[in-house]
Amino acid sequence: MTKAEASRQSRPAFLGELFETLTERGRRLLWRRDAGDAPQPPELSELAQALLSRRGEASGVALARGLLAAFDHAGPDARLGFLRVLAERFGPDPAAVKAALAAIEHDPDALEDLHSAAEPRRQELLRRLNLAPGGTAALVHMREELLSHLRSDPSLRRVDDDFAHLFGSWFNRGFLVLRHIDWNTPAAILEKIIRYEAVHAIQNWDDLRNRLQPTDRRCYGFFHPQMVDEPLIFVEVALTRAIPDAVGGLLDLKRKPIEAEEATTAVFYSISNTQRGLAGVSFGNFLIKQVVEELKAELPNIRTFVTLSPVPGFAAWLAAARKDEASDLIDADQRIAFALLDEPGWHKDATKAEALRAPLLAAAATYFLRARDGKGRVPDPVARFHLGNGAQLERMNHLGDVSANGLKQAHGLMVNYLYDLDRIEVNHEAFAERGTVAAASVVARALPTT
Amino acid sequence: MTKAEASRQSRPAFLGELFETLTERGRRLLWRRDAGDAPQPPELSELAQALLSRRGEASGVALARGLLAAFDHAGPDARLGFLRVLAERFGPDPAAVKAALAAIEHDPDALEDLHSAAEPRRQELLRRLNLAPGGTAALVHMREELLSHLRSDPSLRRVDDDFAHLFGSWFNRGFLVLRHIDWNTPAAILEKIIRYEAVHAIQNWDDLRNRLQPTDRRCYGFFHPQMVDEPLIFVEVALTRAIPDAVGGLLDLKRKPIEAEEATTAVFYSISNTQRGLAGVSFGNFLIKQVVEELKAELPNIRTFVTLSPVPGFAAWLAAARKDEASDLIDADQRIAFALLDEPGWHKDATKAEALRAPLLAAAATYFLRARDGKGRVPDPVARFHLGNGAQLERMNHLGDVSANGLKQAHGLMVNYLYDLDRIEVNHEAFAERGTVAAASVVARALPTT
Amino acid sequence: MTKAEASRQSRPAFLGELFETLTERGRRLLWRRDAGDAPQPPELSELAQALLSRRGEASGVALARGLLAAFDHAGPDARLGFLRVLAERFGPDPAAVKAALAAIEHDPDALEDLHSAAEPRRQELLRRLNLAPGGTAALVHMREELLSHLRSDPSLRRVDDDFAHLFGSWFNRGFLVLRHIDWNTPAAILEKIIRYEAVHAIQNWDDLRNRLQPTDRRCYGFFHPQMVDEPLIFVEVALTRAIPDAVGGLLDLKRKPIEAEEATTAVFYSISNTQRGLAGVSFGNFLIKQVVEELKAELPNIRTFVTLSPVPGFAAWLAAARKDEASDLIDADQRIAFALLDEPGWHKDATKAEALRAPLLAAAATYFLRARDGKGRVPDPVARFHLGNGAQLERMNHLGDVSANGLKQAHGLMVNYLYDLDRIEVNHEAFAERGTVAAASVVARALPTT
Amino acid sequence: MTKAEASRQSRPAFLGELFETLTERGRRLLWRRDAGDAPQPPELSELAQALLSRRGEASGVALARGLLAAFDHAGPDARLGFLRVLAERFGPDPAAVKAALAAIEHDPDALEDLHSAAEPRRQELLRRLNLAPGGTAALVHMREELLSHLRSDPSLRRVDDDFAHLFGSWFNRGFLVLRHIDWNTPAAILEKIIRYEAVHAIQNWDDLRNRLQPTDRRCYGFFHPQMVDEPLIFVEVALTRAIPDAVGGLLDLKRKPIEAEEATTAVFYSISNTQRGLAGVSFGNFLIKQVVEELKAELPNIRTFVTLSPVPGFAAWLAAARKDEASDLIDADQRIAFALLDEPGWHKDATKAEALRAPLLAAAATYFLRARDGKGRVPDPVARFHLGNGAQLERMNHLGDVSANGLKQAHGLMVNYLYDLDRIEVNHEAFAERGTVAAASVVARALPTT
């Protein structure tokens, strides 16, 4: 961004001055003037039409800025109205499609032209909106709003498809920049790390520093050149001497750090997406693999790359299985043992906790290896992410997370997924094609023996 | 780009190690092994298939790097062969199109899905190739090569359309960064300015410094975040006290600079595109307008923004008009006067030069205002660019460029196009819709009086 | 700092590896080896001798690092012992001084050589210690420790003189870099702003953001190239529409910011030195003047530059005056009124607060204009700083700071000092030479009328 | 440097506006006004007095800028006059010295105060001049001019001593920044590399690129934070597979580079100081050692660090030895052989060149190991530099540099000095204390056998 753009952006964009960079005649063309009335600013949809028109070519940047600012200042109804107009009036041009189909009749090669003939005009509109300074971020936020209406207004789905298609191109991994986030990172970015952390909430700046500054901690994020102070996704890493079985020690503020050179294991203990408006554009896969390569290059002693991951669907699944007396996913002994789960504070009672260890791990093994959801998938979303990346389920940790949330969602269970670059491709393919879950033998051995 | 990526890129990519980041099994899957023979590296098209396949998801970056490097090392025939395979085998999926068309039959809304159903699979392939470090630049070069084959192999046109479509998105002006190029710019970029200058060749580093370092000179370029040391387009600007009528004074190495604050006029005397592979993706329009805004903000005394432009088609057009005795674009008096043009060195003879002034300027006025090419357009390509941007033809300068090239292409004629931001929109629209050329009255007055 | 240096610095410097960069023989020379014992690491003073010796020239950087690290790891006694050795054994060389004095006898010009002949050898030692990476910061901390012993051990004064002399050169204003501190500044620097703020304590990161991020707030600091993440001094500025009379509104977290362009006044409401080890090296004077110039260039609407300053010595001075019944600095009416000051919470009672206004302001006017301390100086240290810089006492504000500290040190009084660049020189000179206090007429008018 | 400062610096400083930042009264105080005449700008020496006076404190930066600019615009005579005034009128204050000496009489500890009492007032003046933006560079240039007058006016020596003393502090190695210079370095710095290269002239930008861009070339420089686009010293390095014996191959434009990782040897083939004004402030020692550490960290395969150095004093020494028939430094056989040296083009004649090999190498061994100059030193200045750093004379290369200059100064001889960090300290100490030259056995074996 140039200095002139930056100074423009830093000013609050009041609607009154929004169009100042439009030429005089530009304004006259857009402002509506009814008999005897003062001229009215244009509707959002009129601005969209103007931006797509021939005239828009000459003052595209100013018009794009104007439309985005007007959208920003409009009320919720006007905004939803605009999104609906996009759905209804900015689809493919039927005449163009018809002509393209006619051409195919006598020239099969014309099939190639069908794609562009059928392009919804929204896509060009979005590309032109992207001309504005800050346009990319504004469009990501526009889609975030759009997503919140999808359920109530399915006709917006087609608009969302166009957003998703373009974002897939614009946020191609080739355009993302991996950056190390540490205690020298600008506060404006760090406060977003605090805000967006989705796995283990960051309590305050001291907690944040504890995850960034010690010699055995790392944090990496993907940034896009057009959104320089917004990490799109970030991962927090602990460097350790062994695969950890619980998150408490990792986050302990009084922990004594080790030297990075002494570490043999890198633990990805939190990975968070930040932009709801980028839903469906997948970065995590690339991020983890690139961080593995970074760490390998920087610290050759590190040979093991694992996660310490929550199992968010386990407790719900287990409750359903217990409720369903016909289910053979858990056996009678387990059912009896699980009654202890209903006793508050069981995890603080060593005897009870130990009594639950084997039954819970057996149920967890079943959950990962045998249970499938309504769509035939591994039921756990985090498992699907890592297994889909080609990772292997390496270990299950009883009482790995005894926070309120950890107990509620997974009875304290945490697991480690192992990223072995030499095997991710085979794992990925087997999982994608046949649903085979790559798991260490210790997991299978935990299955109920019956 | 991260450090690890950079170090990888700086290494020459010998084919032997290209695939080192593929997993062992990845290599095994790709290498062809015929009975008894050593395994063979895969064909380019096999790599492309793999990259588009499910397996490609797990090791996309490595596969993309591999394919681009293999293309880089392949011979000309293999490369052309690969481009042809793209045209023939990576088009739209006919089955998907057929299904989409069937759906439209009973649901008009399904028209929205036709676009993606008809997307050539090349587009996804190109997006995946863009995953590789340096992928964007590699694809730009691949298209440059593709363009050189278009004439001899029109079937490649469809591949080119996909490149053009994606580049339009990737090189959206919103992703471009305006940078000031000066004597503090890295030499690696400056040598490209020397190499790419297309209008007034830069003789050597002293000539370059003379265009960058003085207080009354500026140079700006657009850069893309993925091609950080390659300006995509750049413009050279002189700050002056009046609209200049000749280029010689501007480029004079012994010229005495003025203070930037004393200047009233900014002269765009050279604008050069650098990447043939980005043909059709238009930046110049945006660049000039943004530089106008930059200069306005930095130097409020500057009120006039003009070009000093060549007229590359003038001499050829005039020769044709003289040859065509029936043409009424030039009159009899002019025809007689133009005989002087055939005398070598006429421009050094003050009498002859002066005798040609009025006839040449009259012919030039005709050339801009009345002549049209076979497609009904203003015949001069530079004129079409600036008029299409909304600029106005402000002045014609006899003997503005008496270099060999200036005499050859335009009998020494240069012109100034004026960028008046308050009028570019009207001008643009009139030119685009009605072909009306915005010109100062002095130009029209130069028309032959007959 | 190069990467290799940085990585070395980031490692904790355990004494065991401190000397690793000394050559083998370097170690052998320094390690003491008593009969039959393992070699002992050298004493600090031995390292100092070695560093000053001829041998030190060849491995100066390593020796300097070694000595600084050894000092860092030594216990308090050993450190104090080292500082005493500096005082006793590293002074001027008496023989050299004697020779220089002898030379003057027969050649008056030799007076010029006396300076260097009399240079304490400490100075060369400190210059050589400064060779080490991070040496400058280490020496600043060493002096901080030294200062804490000055009172109990006056012989260290001479060592302190040498530190002060060298720091005066090294931290010359020409070597300082003014940097804008804002919400994009690295957290590692911002946490130091929180820690070092000496005037109005920063409660937490939200409070900090409130002082940095709004459009009408600025913060500037001086940095030294050798201590890049340590501001040496910083000033917090509020941009306002009028000279403020109380600090509460400025620090209010719910305050509504104004546009910077609307401001007419810049208020320096807090200025903090950060390095006790740089005591006596004055930056504040330069900082304020340079920030005035920065703001003038950036925001031409700002015409008034004032402080909002505490009056830290006022309450103590007033207590003394009240106690001394013979003092004519306060009159009988004032004495009666000041009884209210002894009633807790008087400032919350509008009647009492108003009854105290005139007597307090009269006493304050006396404090600034008439009272002098034992050395004949204006008694208030903050006043001495700003008046010495050439500022003018512009206004006194009753109840400007009703925090506990503000009431305790100044009965709530705050004042504004005005920086008028056109008058600072006259003001400075009058103050420095004749003790004349530049004050607006409103201050003199507040003096007791008797 | 802040933006405001930068913009001030970029303006040419015409004397008329130089003092604009002085306050009105500041100007009035300085301008001399004789009866009836227009006020006259002050003399340089008056400015110096003002800067040292109390008044100077309030407007120190402006006065310092003014004096430096006035010096810059003064004619040669006025400048020399100013330097003489510095010598004569800004020495130590005799009264202060007298008082300090009196104090010593009855208090030996007062010896500590003599140093500062005897400080020439010039030193404080120079420190205050250093307040100005760009002051450091201006003072370096002022000393450069001073040095040019030293021979004709020895009284300036005392001024030079003060410059040297302060520069020693200001350019302490701790304040220097090592930077990699490569093809991405700004052209403004690179043109200085071309200009300052003192050993093997750089012909043009292609030659420069050939020394910076290939994978097996490096260049490093020391920069000072106050002179950011001026390398103070730089060294050019070639990475090779063996110790080179001639410079031709290193500089060959058509040479085929090797991979940096394949190199075993780093060759310092050129080291150039750039600022004559910093004469006597030694950087080369630190630069070479730090570059050795950089390269060791980056490229662990490199084990050997050598120079390829000229022998600038050899031919002159040999000529003197040949002329002095009584000299026993060369023997009769050598004298006969050396007659060939007088035949132009001998080095192109293989027979003659070979006939000279042994005698020349024998003379060179004598030159390094036995010959001493009038001060008892090794006669060669380059040898003194490297041996003083602790390097070892590793090898002598017949016909290592057959350029005109190489033949003229050393009959083509070049040598390699080896930097073995484990031995530099011993070597340095032996050389410094006993004059012992560290040399490989092959050098001693080349001595004349007689």
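All chains are identified by letter, namely A, B, C and D, in their written order; residue positions are counted from 1 within each chain.
Operating definition for what follows: contacts are C-beta pairs under 8 Å (C-beta built on N, C-alpha and C of every residue); 3 or more make two chains touch, one makes a residue touch a chain.
Protein names from UniProt, one per chain: A, B, C, D = Malonyl-CoA decarboxylase.
The model shown is predicted, which means the values in this text are computed figures rather than measured ones.
K.L.:
Would you mind naming the chains that touch chain B and likewise touch chain D?
P.N.:
none
K.L.:
Among the chains, which one keeps its Cα centre farthest from the Cα centre of chain D?
P.N.:
For chain D, the chain whose C-alpha mean is farthest off is A.
K.L.:
So if I superpose chain A on chain D by CA, what angle comes out, to the nearest 5°?
P.N.:
Best-fit rotation on C-alpha atoms: 180 degrees.
K.L.:
When the C-alpha atoms of chain B and chain C are each averaged to a single point, how far apart are the two points in Å?
P.N.:
Each chain reduced to its C-alpha mean, chain B and chain C end up 57 Å apart.
K.L.:
Distance between chain A and chain B based on Cα centroids, please, to the nearest Å.
P.N.:
Comparing mean C-alpha positions, chain B is 37 Å from chain A.
K.L.:
Spell out all pairs of chains that touch, sorted by label.
P.N.:
The complete list of chain pairs in contact reads A-B, A-C, B-D, C-D.
K.L.:
Touching residues of chain C toward chain D in the complex: what are they?
P.N.:
1-4, 7, 23-26, 29, 54-55, 57-61, 91-92, 94, 97, 101, 109, 111-112, 114-116, 118-120, 127, 130-133, 135-136, 158, 161, 165-166, 168-170, 172-175, 177-178, 225-226, 285-286, 289-290, 293-294, 297, 389-390, 421-429, 432-433
K.L.:
Provide the residue numbers of chain B that touch chain D in the complex, in ascending order.
P.N.:
By the definition above, chain B touches chain D via 10-12, 183-188, 190-191, 204-205, 209, 215, 229, 259.
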